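Note that chain A is present in both complexes that follow, paired respectively with chain B and with chain C.
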Partner chain A sequence: MELKGEYRIAASKAKVWAALNDAETLEGCIPGCEELDKSSDTEMSAKVALKIGPVKARFKGNVTLENLDPPNAYSIVGEGQGGVAGFAKGGADVQLSEDGDETILSYQANAQVGGKIAQLGSRLIQSTAAKLADKFFANFRDALEPQEGDVKD
Partner chain B sequence: MTEGIGARVLRKEDKRFLMGKGRYTDDIVEPNQAYAAFVRSPHAHAEVKGIDASAAEAMDGVVAVLNGEQLTGDGIGNIICGWGVTQKDGSGMNMGAWSALATSKVRYVGDAVAVVIADSIEQARNAAEAVEVDYKILPAVAQSMKALTNDAPEIHDNAPGNVVFDWEIGDLAPTDAALAGAAYITEMDITNNRLAPNPMEPRSAVATYNDAEEHYTLYTTSQNPHVARLVLSAFYQVAPEHKLRVIAPDVGGGFGSKIYIYPEEITCLWASMKTNRSVKWTSDRTEAFLTDAHGRDHVSTAKIGFDKDHKIVGLKVNTKANIGAYMSLFSSAVPTYLYATLLSGQYNIANIYCDVQAVYTNTVPVDAYRGAGRPEACFLVERIMETAAREMGVSPVELRRKNFVTSFPHQTPVIMAYDSGDFATNQDQALKAADYDGFEARRTEAASRGKLRGIGFSNYIEACGIAPSAAVGSLGAGVGLWESAEVRVNPVGTIEVLTGSHSHGQGHETTFTQIVAERFGLPTENIQIVHGDTDKVQFGMGTYGSRSGAVGMSAIFKALDKVEAKVKKIAAHVLEASEDDIVIEGGEVKVAGTDKLMGWHEVGLAAYTGHNLPEGMEPGLKETSFYDPTNFTFPAGCYICEVEVDPETGVTDIVQFVASDDFGTIINPMIVEGQVHGGIAQGIGQAMLENVVYDDDAQQLSASYMDYAMPRADDLPNYSVHHASTECPGNPLGMKGCGEAGAIGSPPAVINAITDAIGNNDLSMPATSAKVWAAIQAASAKQAAE
Partner chain C sequence: MYETKYHKASSVADAVSLIGESDDGKLLSGGQTLLPTMKARLAAPSDLVDISGIANMHGIKVSGSTVTIGAATTHAEVARNADLQAACGSVACLAAGIGDAAVRHLGTIGGSVANNDPAADYPAALLALGATITTNTREIAAGDFFVGLFETALSDDEVIVSVSFDAPSKAAYAKFPNPASRYAMVGVFAAQTANGARVAVTGAGSDGVYRQSDMEAALDSDWAASALAGVQVGSEGLLSDMHADAVYRANLVKVMAGRAVAGCA
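Take a look at the complex of A and B:
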C-alpha cells in the first residue's frame, strides 16, 4: 500500500527539520502515541494505540531514521508488534523544500500489515492509513504554526 | 411399509436439534475444566528465535504456558499424511515435518507456537496476548505458481523448489500422438479457487486425563473418531489406544474439514496430562479460517482433441496443486487419485494423460473438502467440453451425448472402471425439466428487458463409496476403507445398530433405521442408531467420500443378514417348522402358509432366555459385519443452470437450476434431496461468491464473514431436483452415494451459463458481479476492435 502527500508549513526549513528530529514534537503529533523515547539521534521506541476497523491494539515498536540529509530529507522506517492483533511495518521518505518563508513538506509512504489486522481489517487499511497520515501532518503543521484553539487528536 | 426403503421418513435427529438439545463438543463441561488459547504466528514464514512466556505465566488464572520444544520433548509425534504418493521417478513424497506446536519455524499465518492453559477462556486469551515470540521474518509465498519459481523462498528443507511430489497418470506418448492427429483442439487454463469449509459448528475439543487410571478421554468434532483414536495413539503417541476414548457427539457439519486430526486436539490431550486438568478449546470463526484445512486451489492447463466427427481422441492435463504449508491427512490423495482418475468424465476417451505437481506454500494446509478432487476434475472436464462445443460450433448437449459411455462396465484409461450408469436418460430428463427447447425464446424475452440470459450444462461423474481396501492400499493409502456394523436385538425386540459411520448432518439416525425397518417390518421408533464413541462402537472408518450409504449401510445390511438367519433358526425351532418356511414381515416371524407365528419380541426373548434354542446355538441376538466394498460407486448426472445477467452491473441471477442425478437406490428421497440442495448451494457458493484471498506476503485477507462471502438464501434459486437411477451392482443395496454430487456438478454449470450469457469464455471463479461486469466490458471492447 502506498501513500503520498504534500503540506505547506508556515515555518522555516531549519525549524521544520528540527521538529522532525524532536521526539517530543513527534510524540505530540503521532495519533494515538502514548510514548516515544529517543535512544540515539536516529533510533526511537514507541507505543501507539490504534483502532483499525474491528481491531483495536497497542503497538510496540522501533522507529529508525535513515538516509539523513539535513535539513532536506530523511527516511523514517518502523515496525510495530500489536500482539494478537498482528503487526504493522512501513516507512516514509520525507523531503523539505523552501518556498519563501515557508516550507513544503512532501512524503511518500508505504505500509504493510499482518495477522488479525490483515484478516479482519484489510479493506480499511488504506483509508485508515491515509487518515492517520493526514492527522499526523496536520498536527505537525499546527505544532509549528501555533494557533489559538488548536487541539491535538 | 411406510418407513422402509424409499419412504420420506422425517429426520429422527431433528427433534433434539430443533429443541436446542443437541449435545455438541462445546456443550461438554468437565469438572475442573481449564481452557486453551493458542499463540499463533501473525507471520506467514518466520524463524522462531525465542518465546518469552514469563509475563503470561504471571497472569491471574494461568495454569501453564506450553510450547513446541516441550511437546516434542515429551515424544509427541509429528502430524502424518495418511496416503503415500509415488513420484514419476519412483521416489516417495518430499514431506516436511509438522509439529502440533511449531518449534524452530512457522510456515503460515495461524501456525501455533504455544498454548496457554488458564482457568477461564478470557484469562487464557489475555495471557496468550502477553506471550512474546521473537520472530525472524522470512519471505513468504502463497500461490503455487509463484512457489515454483527460482527465487521463491524454500518452505521445507527436504522439499527442494517447494515440490512435494511430481506425479502422473495415464500414457503420455499415445495421448500426445492422439492430440497431434486431432481434427479439432481446444486448450484452456483452468483455475479452481481456494475455499474455506465453514461448517456451522467450529472445531472443538475437550480432553481429560485421569491420572489414577492413566486414561484419556477426548470429546471432539470428528467425522471419524476411531481413525482419530488410532492416529493419536499409533502416530502421535499421545496415549495407547486402549487408554484413549474418543467421542464425537453431535457434530454440526464437516464437509471433510473434520476428518483430520489437527494440532489443537493433539495439544489439548497432551496439555491435559501436563496440567492434570480437563482442557477445552473451541475455535472462533477467524481461527477456523486460519486453521481448518482449505479446499481446492488447483491451477491447470488442459488440452482436448476431437476427430472430424467430434469424437474425443485425447485429453492432456497439467495441474499445480497448492498443498499449503504442511501435508494434511489426505492432502496427497485429493489432487491425485481422487482427481485425475475422474478426468474421463462421462465420456469415452481412449487416451488421457495428467501430471500433477503438488506444491508447498505459506498457506493453510489444503485437504479434502466436499467432493475432494472430483469437483476439480468435473470443473475441468465440463468447462473444456462446453468450450470445445462453442469453438467447434456444435451444440454442447449433442457433443456430450455423442461421447457418452454407453456400455458398462467401462474401463477408463485412468484406473476407474465405471460399473453402471445411464447418462443419456439423465440428460434427457434434465433437458425436459429445464424446457431446453424453450430456451431461445426465453433468451429473446430477457433481451427485450435488457438482460443477458445464458444456459450452461454439466454432466458430472464422481467416485464414491470409498473404497476397496486392497485397491486403495495398492495406491498408497495407509488404511483400509471398509466399514463396520453391529446389530443388537435386545431381549424386548428393540434394536440398536452400532455403526462405524459418523453422522454430522447426513441424517444417518433416520436413513439407517429405514433399512432395518424394511428388513423386519418394524417401526423405526424401535430402532436406535449408535455412533461416534470408541467405547461403544467397534472400530469403524467414519464418514467422508459419500461412503456411509454405499459402505456403512452395506455393513448394516450384511449384519442384518446374519440376524435374520439366526432369527429364522430360532423361530423354526420354536415353531417346529423348516427354516426355509420362515418369513419375517410386519414385525412377525411366521411359518409361511400357516397361522403359526412368533412376535418379533418373542424371538428376542427366546434368544436371551436360552430356554429353548436349537442344539448347540449360542444364546443372544447380536451380529457384526465388516464390509469391504468391491469397487468405487459412480454417481452421475446432468445439471443445467440458467442465468440472467444485468450488463450494466454484472449482477447475475440464477433463474433456473435443474439436477437429474443417478444415485442408485434411494433410501429416503427427502434426505437425498436435502443433500443435493446443500451440495448445489456450496457449488454455487464456489462459482459465484466464495474465495480465500492471500496477499503477496501470504497474509490471509478473507478470514471473516465480512470478506468471505457465503451463499445466502437470496443468492440461491429454487432447485428442480430429479432422479433417474441405475442400480449399483457393487453393493447389496444398489446405492451410489449422494453427499457430494451437488458440490461437484454445479460449479461448471454455473460458469458455463454465465459465459454463455455474456459471450466471453474468460471468466474465473468466483464470478462476482465485478468480474462478470469486467468480462462483459472486455467482450464488447474486443467486439468493437473487430
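Take a look at the complex of A and C:
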C-alpha cells in the first residue's frame, strides 16, 4: 500500500535534516517506539509496540537510512518481526525543500504487513498504516516546533 | 491462547479495583472480539476481569421517552425487548442484525461501544441519537466518546455502566453487511430527533463513526430520501480495503442513507 503526505515545519532545513538523523528524535516520534538504538550512522535497531483495538503486538526490527542526499533527501526503511503476530516492513522517501524560514517535508511511503496480523486485520491495515505514518510526521513536526500545551503520544 | 488470570467481578466497584490491581488487564464482557484475538495470540492480557455477571449492568429501562440500556445487555436481549421495540424499534432492529446468533447472544452493547470498531453497528445509533455513555466515574456524550479508529474517551480503568438516549420521533438503520463477517461495509443510522435530523455513518470512515452533516442539512429542510439526491459524498477519508474501495463506500453511504430515511418509522 502507498501513503504520502506533506508537512510544513517552522524550522530551517539544516535543523530538520539533523533531526531526521537523530535517533533520539526519531525514537520520540515513532508511535509506540520503546527503544531505538543506533549501531552506526545509518543503522538502528528498534522495538515498537503496536496497539490497534484489541490487538497488541510488539515488533523488533531494524531501521536503516539509505540514499542519503544531505540535507535534501533520504529513504528510511524499516523491517520488523512481531512473533506470532507476523511481520511488517516499510519505507519512506523523505524530501526537504526550503520555503523562506520554513521547511516543507514531503514523503512517499509504502508498507507491507504479513502473517496473522494481516489476515485478521486486512480491513484495517491501510487506515492504521496511514494513521501511524501521519502520527509520526506530526510528532516530528511538533518536536521541532515546541508549542505550549502540546500533547505528544 | 497465552496464560491469563480470570476474575469474575461482583460489582462495578469490584471490577474497577480488579482492573486497577492488574498488571496489564482487560475488561471482558461478551468476549466476541477480545477472545478470538487472544486465541490468535494477538493479545495477551495478564488478567481478564469479567463484568458480564454484574447485576445492575443488565437490562433495558424505558421511562417516558428515555431509554437506558445496561452495558452488559446482549444484542439478542436488545433485539427482542418489547418495551424498546415500542419506544425505539430502530435500535432493536439494529441489534438483530449484528453478527450471527452466537455473537448476538454473548456480545454486549458496552463491549461493542468500548471497542469502537470502525465497522460496528451500535456507534452509528448512539452518535445519531446523541446518546449518553455512563461510566463508573462520569457521563460522556456520544459525540465526545468516539474519538477515532478503536479509540474512545475511556481511560484504561473506566467501566461503561449503561448507555441512554431519548427515543427519536423517527429513525432507521440500513446497512450493507460484509457477507462473511456481517460487519457493516457501510451502515447509516438516520433519525429525526428533538435537535433535528441526524445521520451517522459507520463502516466507512477511516477514523470510525462520523456524522454526515450535509445529509443532515438536506433532511432538515425536507425529510425524504429524495432530498439526499443532491448531496455529494466524496471518497476522501473513507476506508479502502480488499472488500470495498473508498469510492465504492462513498456510493454505499448515499444508497444506505436513502434506504434508512425511506425505511424510517
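Definition applied: the second predicted complex is superposed on the first by the 150 of 153 C-alpha atoms of A that agree within 3 Å, B and C clash if a C-alpha of one lies under 4 Å from a C-alpha of the other, contacts with A are read in each partner's own complex, and residues count from 1 in each chain.
Following the convention adopted for this analysis, a contact is a pair of C-beta atoms (placed from the backbone, for glycine too) under 8 Å apart; a residue touches a chain by one contact, two chains touch by 3 or more.
The shown structure was predicted, so the numbers you read here are calculated from the model rather than taken from an experiment.
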Specify the partner with more touching residues on chain A, choosing between chain B and chain C. C
Using the touch definition from the top, say if A:84 reaches chain B (first), chain C (second), both or neither. both
Tell me the contact category for A:116 with respect to chain B and chain C: first, second, both or neither. both
Which of the two partners, first being chain B and second being chain C, lies in contact with A:97: first, second, both, or neither? neither
By the touch definition at the top of the document, which applies to A:67: first (chain B), second (chain C), both, or neither? neither
Chain B versus chain C as contact partner of A:128, first or second or both or neither: second
Touching A:39 in the superposition: chain B (first), chain C (second), both, neither? neither
The intersection of the chain A residues contacting chain B with those contacting chain C is 84, 116, 120, 122-123
In their shared complex, at which residues does chain A touch chain C? 52-57, 84-85, 116-117, 120, 122-128, 130-131
Across the complex, what residues on chain B touch chain A? 40, 42-44, 109, 125, 128-130, 286, 289-290, 695, 697, 699-704, 706-707
List of chain A residues in touch with chain B within their complex: 83-84, 86-87, 112-116, 118-120, 122-123
Can you list the residues on chain C that touch chain A in the complex? 26, 33-34, 37, 40-44, 115-119, 148-150, 183, 206-207, 239-243
